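Same chain, two partners: subunit A is paired with subunit B first, then with subunit C.
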Partner chain A sequence: MSKDINIDVEHVTRVEGHGNIVLNVKKGKIEKLQWQISEAPRFFEAMVRGRKFNELRTITSRICGICSIGHSLASLKATEDALDIQITEQTGILRRLAINAENMQSHILHVGYLVAPDLFGIGSVFPLVGSKNQNALLKIVKLHRLSNEMSDLICGRTTHPIRLVVGGFSITPTEIELSKLKKNLEDGLKTTKEVAEVVKNVSGNFPDFERETEYIGLTSDEEYALYDGDVASTDTGRLSNYKDYRSYMNEFVVPFSTAKHAKHKRDSYMVGALARFNLNSKQLHPIAQDVADMFNLRPICYNPFMNNVAQLVEFVHNIEDSIKCIDRLIEYGINQKKPVNVSPKAGHGVGIVEVPRGILVHDYTYNNKGICTKANCIIPTNQNHANIQNDMEKFVPQIINKPDNEIELNLEMLVRAYDPCISCSTHYIDVKFV
Partner chain B sequence: MKKKAVIGIGNPLRQDDGIGIILIHKLLKDKHKFPPNIDFIDGGTGGMNLIHTISKYNLIIFIDAVNFNGPNGESRLFEFKEINNKKVSVSNSTHSDNILKVIELSIKLFNKPKKFLFFGIKPFKTNFGNNLSKELYEKVDAIYENLIKELIEVLQ
Partner chain C sequence: MKPKVAFFDFSSCEGCQLQIANLEEEILDLISIVDVVSFREVMKEHSDNYEIAFIEGSIMRPMDVTRLRNIRENAKILVALGACATIGGINKIRNQWPADEVKKEVYGDADIKDNRYFDAFQTKAIDEVVKVDYYIHGCPINRDEFKHVVTSLALGKEPIIPNYPVCVECKKNENICMFEKGEFCLGPITGAGCGAICPTHRSACDGCRGIISKPEVECVMDILKRYDLTYEELKSKSKLYNYSREANK
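Then we have the complex of A and B:
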């Protein structure tokens, strides 16, 4: 069919931040198709220069109101790497709990509140109230509450943690508090399986679309990598030295976006839950593996819409993993010691963690007084923008004969599948005045 | 569980929009003047996270910058029905759509809060900026006095 289409979505709803979809088709030929980011850059890397090593975590946490725990952890790892600080095993386990809490918070919010309306064919989560699916909404709210309460307990606050500090934790949860959390997590696990059943019943509404691409994330021999691991690609395997992360994450700018794009071996790659699943699915805990099987999710999955299913699978994994972490903490006995002592010194450090939307890098250089002289942050959504653009370029010809409103909805759903955090990704652009 | 809460809402990086946060922090310092069954909460810029807070309380008073039919800098206590009444030129707060929807969701799902009120302050400026406008800053003490008076009446 040769027709004209003019779609200008300004801005895509049910995502964090502001992004536009522009599609112009003339007589069946695509003249313009762009995933545009129009937000102003944030300049956090400039903001932290001149600040002391123990301030960077607090400042960089503010990059994101959703991934504030992840930014804190990447920041702490970079600082501890630069200053040669060794954390205790207990701190490592508590940080795993913190990263699980954030993944849970973000994934249930995205799948439950932002993606579910597409699957139910409604505009937002609010029409679910009073519908036959109200019970599912109550379960989603319950799981969101559980995730928030877990963040409160481990990190001291739901958003922008205050207990995570260089070398450890300022306050450690007690055994009684952790035991109560474990009980709630066990209850949450049952609820999550019920929510997965509901999502399964409407999962036929995910578009059937595939595009082969590269997936990048952390990987580890020990576990399903979130807090620790090596940078890895489904195309080229592991990176031997984490400080060479730039060899995998090549950022570049495009004229229609204030956010950077990124590529590795191909012209784009994907990060996030689906990338982690494609790299590490064998290390999922058993019930998470069952949920993946329920959706027939197998690596390597090239359907970006399945990222939301991978998020649900990870939510289950995060609960199972948190229960194991709590068991270990209680078995070893919880030590209320203060964080390890820190002596400022000159150094360069890199911290890499997985946050809900994908692999996150903080890279700091300190002078001998422990003052930051240089910083670089690579944000997950930045790494996905080029892949979203490339997906759109393959997806549009497949749906071009649909009515315009369906094309628009499908493209919005594609963007939402990536769970973009656009404000975080508006990053840094070199401006040269001629 | 405490059944009553006062929640300040706003963005201190948008000048007068941050008045709800400034007032809640003043109240936190003066909370000993109120009965112990009242929680004073910094609700930030709201959003869906607030549902977990507001669904715990029977009575909530929100403090927020509100664009209503009155002079800038005026503060008033609104009932929910006034906010909903389109004929009265009470428009919503800068976070209203979000907050009112979250409150509505909480009531429908959890039957709480049973009652809620808005203490609204009409802002002068809500541009980017990390301080109140000079005009509103000069009225903060008077607004706080009015807030205390209204709270004592509602909460006692």
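Then we have the complex of A and C:
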């Protein structure tokens, strides 16, 4: 069939930040297909020049409201690396709890509030209020609240954490608070299984689409890597020195996007929950494995829409992992020690963590007064933009005979599956156009 | 009739709109008193027919100015949501360098001249472009304060936003003063309403709610003297959220 199609979605809804989808088809031939980023660039790396080492976290947390804990942790790791600061084992476990809490908050927000409306064929979650699915909505809200209460307890606040500081925590939770959290997490685990059933019932509405690509994320011998690990690729394996991260994440600029694109061995790669699942699924905790089985999710899965399912699987894993973390903290006893003392010195440090949307890098250089002279951040969503574009180019010919509104919805769903965090991704641009 | 409400975002982390999702079960109460007609972050539907517009983010480009002016024309009441919107906040740190210098620093010699997406000028708070009726301060906003403002506006009442310093709330929480702990805190000059959340979690106030209209200058000078701190340090710390609004005019 040869037809004309003109789709111009300005500011895709139910995603973080501003992106546009443009598709022009003339007599069945694609003339223009672009995933455009129109978000205003924010110049974070320019902003941190001249700021003190203990202010970097405060500033860079503001790159993203949804993953502010992840940015804070990458920032602290980079600063601690540069200033040779060793954190305690307790701080490491508490930071794992923080990262779990944020992953949970972000994933349930995405799957429950942003993606679910597509599966139910509605424009937002609001119509679920008073419908036969209101109960499912309330379960999602309950899990969202659980995630935020956990962030509040560990970090002092869920968006832009307060207690996370260079060298440790300004305040640590008490054993009583942690025991109460553990109970709520155990209860949340049951609720999550019920939510997974609801998603399973409508998961047939995810388009059936595959495109072979490369997946990049952290990997570790110890655990399903989120806070610590080596950079790894499904194509080329592990990177030996973390400071060489640029050899895996080659960023470049395209004129229709204020966010950079990235590539490694192929034209593009994917980061995020599905990338982590594809790299590390064997290390998932048992109930998370069960949920993956429930959806027949197996590595290597090349269907980007399954990123939504991988997020649900990770949500379960984060709960199971947090329960283990709390058990260890209670077993050792909480030590209300102050953060370790810090003396400024010149240095260069790199902090890499997994945040909800994928691998995140902060890279700082400090002078001998502990003042930042140079910074670089590599944001997960940047790394996905090129992969989204490539997916669209393969996906459109498969759906080109559908009515325009269905093509539009399918392309929006594809973008949403990546859970793009666009204000994050336009934090700055410093490379020349190619 | 429930008032029609719309949410819009400009340059920001969108963390303030996230606080609305973070109302959890209370979202149901919220939509029982207002009719949300546009909220791109969470809904596909959109309407330009609204009475109250909440604006998150700072203004950075001519295309943003046009969009903001349209919203101002449509809205009876315009509320600035969060530090990027109310005072420019973190986004204004870069205003200490001219826009051209920052662009050169980050774009190098790339040809971005005729590209409207990249056409950034000095960061502006919302009231440097259009009239703002109400301010919900903070980075991020405080959920209780947001509920107070929405409820007041829905009832046609004036919302109450404190114009006294964070120290008042900090004392009420019985915190040990951050200056006593050797930290430089902006609590004495920053507007309250956050419940002194940062000092309560043992972190100094960064001034995200903006400087109160009449700070006690003598008292601040006294603190600087008592703790052997300089005015320069105060200025540097203030630049995090309160970079001089005159400086970019």
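One rule holds in what follows: the second predicted complex is superposed on the first by the 428 of 434 C-alpha atoms of A that agree within 3 Å, B and C clash if a C-alpha of one lies under 4 Å from a C-alpha of the other, contacts with A are read in each partner's own complex, and residues count from 1 in each chain.
Keep this in mind: contacts are C-beta pairs under 8 Å (C-beta built on N, C-alpha and C of every residue); 3 or more make two chains touch, one makes a residue touch a chain.
Keep in mind that what you see is a predicted model, and the values were worked out from it rather than measured.
Subunit B and subunit C, once both complexes are superposed via subunit A, clash. Contacts of A:62 after superposition: subunit C is touched, whereas subunit B is not reached. When both complexes are overlaid on chain A, the residue A:87 reaches neither subunit B nor subunit C. When the two complexes are overlaid on their common chain A, residue A:350 makes contact with neither subunit B nor subunit C. Considering which of subunit B and subunit C touches more of subunit A, the answer is C.
Judged by the touch definition given at the top, the superposed model places A:165 against subunit C, while subunit B stays out of reach. By the touch criterion defined above, A:101 lies against neither subunit B nor subunit C after alignment on the C-alpha atoms of chain A. When both complexes are overlaid on chain A, the residue A:76 reaches neither subunit B nor subunit C. By the touch criterion stated above, A:43 is placed in contact with subunit C alone, subunit B being left untouched. When the two structures are aligned on the shared chain, A:14 is found in touch with subunit C, with no touch to subunit B.
With chain A as the common frame, the single stretch of subunit C that clashes into subunit B is 78-86; none of the other options in 60-68, 78-86, 114-122 or 204-212 do. The residues of subunit A shared by its contacts with subunit B and with subunit C are 109, 113, 125-126, 129, 138, 141, 144-145, 148, 158-159. By the touch rule above, subunit A contacts subunit C in their complex via residues 11, 13-18, 37-43, 45-47, 55, 58-59, 62-66, 68, 109, 113-114, 117, 123-126, 129, 138, 141, 144-145, 148, 156-160, 162-163, 165, 170-171, 253, 255, 257-258, 423-424, 428-433. Here subunit B touches subunit A in the complex through residues 44, 48-49, 51-52, 101, 104-105, 108-109, going by the rule given at the top.
Residue ranges on subunit C touching subunit A, taken from their complex, read 9-19, 21-22, 24-25, 27-28, 31, 36, 39-46, 60-61, 64, 89-91, 93-94, 97, 102, 105-111, 115, 117-118, 120, 139-140, 197-198, 201-203, 206, 240. Remark: subunit A residues 109, 113, 125-126, 129-130, 134, 137-138, 141, 144-145, 148-149, 158-159 touch subunit B in the complex.
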